[in-house]
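Naming follows writing order (A, B, C and D), and every chain is counted from residue 1.
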Amino acid sequence: MADQPAPIQVEDGDFKGWYLSPFHDDYVNLIGPFYYQPDENGQMRVALKVEQRHLNGGGIMHGGCLLSLADTALFIIAMDENKTSGGVTMQLDAQFVSPANLGDIIIASGEVVRSGKSTIFVRGQITTNDTPVMAFSGIIKRSSRSGA
Amino acid sequence: MADQPAPIQVEDGDFKGWYLSPFHDDYVNLIGPFYYQPDENGQMRVALKVEQRHLNGGGIMHGGCLLSLADTALFIIAMDENKTSGGVTMQLDAQFVSPANLGDIIIASGEVVRSGKSTIFVRGQITTNDTPVMAFSGIIKRSSRSGA
Amino acid sequence: MADQPAPIQVEDGDFKGWYLSPFHDDYVNLIGPFYYQPDENGQMRVALKVEQRHLNGGGIMHGGCLLSLADTALFIIAMDENKTSGGVTMQLDAQFVSPANLGDIIIASGEVVRSGKSTIFVRGQITTNDTPVMAFSGIIKRSSRSGA
Amino acid sequence: MADQPAPIQVEDGDFKGWYLSPFHDDYVNLIGPFYYQPDENGQMRVALKVEQRHLNGGGIMHGGCLLSLADTALFIIAMDENKTSGGVTMQLDAQFVSPANLGDIIIASGEVVRSGKSTIFVRGQITTNDTPVMAFSGIIKRSSRSGA
């Protein structure tokens, strides 16, 4: 994560004022872009607009795409706790409470429940127009030289 | 799901003998293709080869991509229980036990724990070369006319 | 649930002002009593004092006892959504973020994420002196005559 | 865990041939006793008979009691991987697939998914007469001098 570019602020369109995700991350580039922005309390939010390519055979956003946003959001929510160490997801669970539909802008947000020496506990939610789409929680394992 | 094409069996390469995923599914087309094949006991397995586009900034497969495979696998594992009804994921949880790396062929498999009237409980695992990568479980909500 | 007694308000001691759990519930009577009280926003809180009988061999509260409080709290948090129907837990997950110790008063609280026709999604946390002990989420399946 | 008594084998009744749980554990003593026995493959099973005191207000075993068995079983399933270090539950999730009723003998069993340096990933199930009651998975954090 040492060599991330400076974030770029979007100047117009649906995501005006949001920043483009700063990660060099092939997978996020494949399914994204993701946009991010702190809320009024300084907590990070991550957004994605539902496009045709995100849909499943039933015509709603694929669960895997929602999970991908949740998994990415864990690290963005925990960014302040994890500046120097990187990390990997150790565990994630998610409740799918309502579908996301084509054209929706979905936003992930959340909080660090506890930041420990080797792990960070995070939980959050994905909403669209304040309707809950998913609740999720996860554990980040901080990177270390000594392995798992 | 009524109008799925016949599956196509792969004739050579890494996935010789496997079938291409039969789903009309834009998201799976975006991150896939996924391949599938029953094992010797008739239980379905779903496979994906880790490519550069699946990697995160740390150079391993993005957790969201693993979760996307797991979420898709829920439905393929439960296919025999769910032929006529369709469904959506209600809940999924996952333990990330070791990373998947560029070039790995990762395979999801599992079992139906219980098939009820409105829900199907599934659990499974993703492995590469018999090394566990992820353990997951999930609940499918069957489709119905009466909603959630 | 039709025949619950009126709740009793505690007049002194650690739980002065709290109510005794109104449930005819042998298991809660075995490990409890649990106390409950709405907070200033009307959201229910459920409390338990950690006694010797709640400890594991390591001298901290047994994880199963924390989970028992969480599982019970799901229904108390969802009480307003579930007045007439009863229900059972369909799924629960929990992150254990720090231990509860002998003498601690631990308090479960939370919110309904979504209340649907057949399920209620809840999430919450257990804290002691505002320190997080556990984060949890769960799905209640409403009771019905037609079964699972 | 250094000072556990030798296990006692039960000589008659429902649990003939099973061993009494070897743990000095007040909470298990409160809700138990638990019985344990290796199966034909050497994997540990943990059993409990459903009594009136384990029931909820609906007349089935309280979810918290099932969760308590699952949480305890994590450590018994992982016993061979964890002989010298002790540990605490870091995360647990459970799917409640069918109820346990008064008089049922319920049995938890499972497997270690991965045993790492600081964590052990376990999953298992609780059954009664081969009917699935619960599927669960969890992460044990090994004890260490360096803290969380």
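Keep this in mind: a contact is a pair of C-beta atoms (placed from the backbone, for glycine too) under 8 Å apart; a residue touches a chain by one contact, two chains touch by 3 or more.
Given the structure is predicted, the values throughout are model-derived calculations rather than measurements.
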B-C versus A-C: which interface comes out with more C-beta contact pairs?
A-C
Averaged-CA centre spacing for the pair chain B and chain A, given as whole angstrom
22
Whole-Å separation of chain centres (CA-atom averages), chain B against chain C:
35
Measure off the straight-line distance from the CA centroid of chain A to the CA centroid of chain C, and report it in whole Å.
30
Can you tell me which residues of chain D touch two or more of the remaining chains?
90-91, 93, 95, 98, 116, 139, 148
Looking at which chains touch, is this a line, ring, star, complete or other?
complete
Which positions of chain C touch chain B when the two form their complex?
90-91, 93, 116-119, 139, 146-148
Please give the residue numbers of chain C that touch chain D in the complex, ascending.
1, 23-31, 52-58, 60-65, 67-72, 86, 88-96, 98-99, 148
Name, in rising order, each residue of chain A that touches chain C in their complex.
91, 93, 95, 97-98, 113-114, 116, 121, 123, 125, 132, 135, 137, 139
